[in-house]
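You will see chain A twice below: alongside chain B first, and alongside chain C after that.
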Partner chain A sequence: MRITQGAFSFLPDLTDEQIASQAQYCIDNGWAVSLEFTDDPHPRNTYWEMWGHPMFDNPDAAALVMELKECRKVYGDRYIRLVAFDASHGWESVKLSFIVNRPTDEPGFRLARQEGRGRLVRYTTTPYATDRAAGSRYGA
Partner chain B sequence: MTKSMTITGAARYKSGVMEYKKMGYWEPDYEPKDTDVIALFRITPQDGVDEVEAAAAVAGESSTATWTVVWTDRLTAKEKYRAKAYRVDPVPNAPGQFFAYIAYDLDLFEPGSIANLTASIIGNVFGFKPLKALRLEDMRLPVAYVKTFQGPATGIVVERERLDKFGRPLLGATVKPKLGLSGRNYGRVVYEALKGGLDFTKDDENINSQPFMHWRERFLYCMEAVNKAQAETGEIKGTYLNVTAGTMEDMYERAEFAAELGSNIVMIDLVIGYTAIQSMAKWARKNDMILHLHRAGHSTYTRQKSHGVSFRVIAKWMRLAGVDHIHAGTVVGKLEGDPATTKGYYDICREDFNPMRLENGVFFDQHWASLNKLMPVASGGIHAGQMHQLIDLLGEDTILQFGGGTIGHPMGVAAGAQANRVALEAMIFARNAGRDYVNEGPQILQDAARHCLPLKQALEIWKDVTFNYASTDSPDFVPVATAAE
Partner chain C sequence: MAAAEALIETTELPATVDLRAEFETSGVKDVLEELDRELIGLAPVKRRIRETAALLLVERARRSMGLAHETPTLHMSFTGNPGTGKTTVALRMANLLHRLGYIRKGHLVSVTRDDLVGQYIGHTAPKTKEILKKAMGGVLFIDEAYYLYRPENERDYGQESIEILLQVMENQRDDLVVILAGYSDRMDRFFESNPGFRSRIAHHIDFPDYNDDELFRIAETMLARQNYQLDQDGGKALVDYIAKRRTQPHFANARSIRNALDRARLRQANRLFEHSTGALDAHALSTIAAEDIRASRVFTAPAFPVQGT
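Moving on to the complex of A and B:
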């Protein structure tokens, strides 16, 4: 399967040049870009690990792409996303987020159903990858 | 401008009938206070009624006046409580119609109650005989009053954070046919649409609890579909479960069940009434639930320019009342929506400050004082081939709902959903990358269709679909042309 989180998961995987075009758009809007990675792609796993701080004072997308290349060297077996943060009043949150690196194999999620009273069902979504210990999930 | 005609002293309270403009409801020198509520009415006086008297009558009937002088006025701080018509302008290119500006003291209104506000502003006065017609065009709500309302239960920013979806419009579809599907069949449409790529599916306004599908059946099958699609895609999904019912008790019961099942959103219809909407907004805030509002019924009073209430006023009331989503027009789709007027509605939903923009039908500066923003929803007769126009006209913080444009796809519901999602992402990507996406839109879609067969088919089947009809509710003012020969 292919996880469809982020703004561009329905497009073919982006080249570094394409990633730079989006990062530059964010920077030009005054948003701070950064990278985050994880090996737990649960849709409610909000806090992916941060690859450094948001680049608040960086004017050039090339620096982001350079960081991405470094990040891939260490965590290339995991999901990496670009996050653009807008600190202006009334938003103060993420303005754009999309996946820039994926594991070669995405095994997907198990949907567990716990049958309750009447026809009530409690649902639990679990990434198959998290059956293994953190750090050894996508077999680098 | 006509001078004040107010009669003062004992003569003012002599028993009998007196013209409204002489009773203190016409005060052309009045300067509205920052804390006043201001209403702008379009008035069409009966033949022989002058516009100042008509405006004063509206001010009187929507505040303290009755048809005759009453001495009991003198037991009150009457000058304060009288609404004051302070300005009357002829409507451009509309003989017999006038814009009347009326200021109301804040003490006339109960804090945090749309019902109380509207009982005055659109109460008896709309049936008043000296007027042929009356329309509430716009309102200026003072910050002091705005702050007495909860506002949207969730708001655009927190909704996006909860859904983990940033930087693009959200995608939805209304399940069709809107009536007749069983719960099991209904859930099938929800599953296919969400799995295919939509963020949300939606009950239609008149899906409540009917013989072909009772509400619990719908909720149970829909949540199976939502959870299954979420596991298939790794992405948060939702479906607007319509909890509209005959009584508040029934609505709470349905909303509680939706919450128990883990739904992230519930839905109500405008026809449930202002108080019920405010109650559901409070419930939604308390239960971490997004609240979707379908504006069923609004066209009965918003569409004709001579009489009723403008939708921009409804949008303001709904922002105060506290809904998170509101249907606000598509411009290019099948339902009424002039582009300039629709922009005014969208700004009211999404900005913290609306400057006066007559060309968009916005007559007042309006401060929202950090009240949450709500997501305008574009729904009705739109399809993937219009993606560049939709993004250009409606912006990024909106929900694009392709009902027929998803479910009517020749390859099936999931394929229709995928076509819409690919078209959306390709267009946002192109915009961010600096392309002239409005003019190059058709080419951008064709290029994206090369790696997406369902999009290719969608573009082919709906390529000639447009809804070009004259709007009935267009602005009265056009921007002044600058010299550009």
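Moving on to the complex of A and C:
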């Protein structure tokens, strides 16, 4: 099941040139781009691991693509996303984020139903990937 | 259908190209003219830059006509004595390459060894990469590049930095241009011990020293930019100063002149402050007189001081 989180996730995967021009758009707007990766695709898993620092003073997107290639070498079997952070006063938050790398096989989510008192049912989703220990998911 | 496609193909690629028009519309002409106008002397440097610009223009024309092309290696080394305008030219170079479309942003990141090499194990690689990332889309100018390599210390982290630089210079030629700068003899030795650098740098440009007349013209433009002028005796004093300063140690061409002018302004301010009695007009405030220059210790020091004094 293809994970759809962040922008562009219903489109086919972006090519590196498309990623570079999106990153350039972010940089030209004064946002700091950075990369984050994870192997836990749960939608509530907000805080992914950072790959390096946010690039506050790199004027060109080639720097991000270089880092992305480095990151793929190490964590190519995980999800990697680009995060564009707007540091300007009053915003200080992420303006754009999209997935730039995903595992070849995305097993999807298990839906668990918990039956409570009365006829109450609580629903929980769990990624099948997290059945295995962190670091050894996605066939690594 | 096939015919229509063929038609589209041929209309997309121009059959001829007007280099002269390209030269004028791309803004290269402006950059070169600016270079001629604002940089005094440096004839061989200007010639090399013009040649490089011609090569790039032809490359671009070839690309637009669909001919086989390969991004030319644009990494350069600037060698020359201190104060001969290496940094200034590097800045112009960034602008030129930007207008020709060979770099995307056209900014110049000027660094020295301290910015690239770390202080402990594992510090160098991220530091060098950080600088390289900052320079992407522009020009990375490494001043006094020979300090990167310290043969006397084999554990020096400079070597690590050199390896990363070489790798990026080779693999990401489209993303940034590296310019190494330094004194001629030491750069030669640096290239001898790092053959990888030599082969990756296509353009070696040597900056000649300025002659006395050029230095005087440089001084005049520097003063004009700050709204100062020399009176007639002041001009003569400056000519004498330049001739004398050249024979003394630590002569750094235009940089020495700039420092001399800064000190002359200081003396002029002092002179006005101590001796003026009434109101001063703009002319008095912006004129450097002979005494402001002749007070320099260049005129009193021996031409060849004894070593160790």
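Definition applied: the second predicted complex is superposed on the first by the 140 of 140 C-alpha atoms of A that agree within 3 Å, B and C clash if a C-alpha of one lies under 4 Å from a C-alpha of the other, contacts with A are read in each partner's own complex, and residues count from 1 in each chain.
Just so it is clear, a residue touches a chain if its C-beta (ideal position, glycine included) is under 8 Å from a C-beta of that chain, and two chains touch if they have at least 3 such contacts.
Keep in mind that this is a model prediction, so the values were computed, not measured.
When both complexes are superposed on chain A, chain B and chain C fit side by side without a clash. Looking at the shared chain after the overlay, A:Ala62 reaches chain C, while chain B stays out of its contact range. Of the two partner chains, chain B is the only one that A:Leu11 touches; chain C does not reach it.
More residues of chain A are touched by B (comparison of chain B with chain C). Contacts of A:Thr130 after superposition: neither chain B nor chain C is touched. In the superposed pair of complexes, A:Val121 makes contact with chain B only, with no contact to chain C. Centres of mass aside, this uses C-alpha centres: at chain A, the angle toward chain B and chain C in the superposed model is 100 degrees, to the nearest 10. For the pair chain B and chain C, the least inter-chain C-alpha distance in the overlaid model is 15 Å.
Those residues of chain A lying in contact with chain C across their complex are 55, 57-63, 66-67.
Within the complex formed with chain A, the residues of chain B that make contact are 157, 160-161, 164-168, 197, 220, 223-224, 227-228, 230-236, 260-262, 352, 370, 373, 418, 421-422, 425-426, 428-429, 432-434, 448, 451-452.
By the touch rule above, chain C contacts chain A in their complex via residues 104-105, 107, 132-134, 136-138, 172, 174-176. The touching residues of chain A, when paired with chain B in their complex, are 1, 3-5, 7-12, 18, 21-22, 25-26, 41-44, 46, 84, 89-98, 108-111, 119-123, 125, 127.
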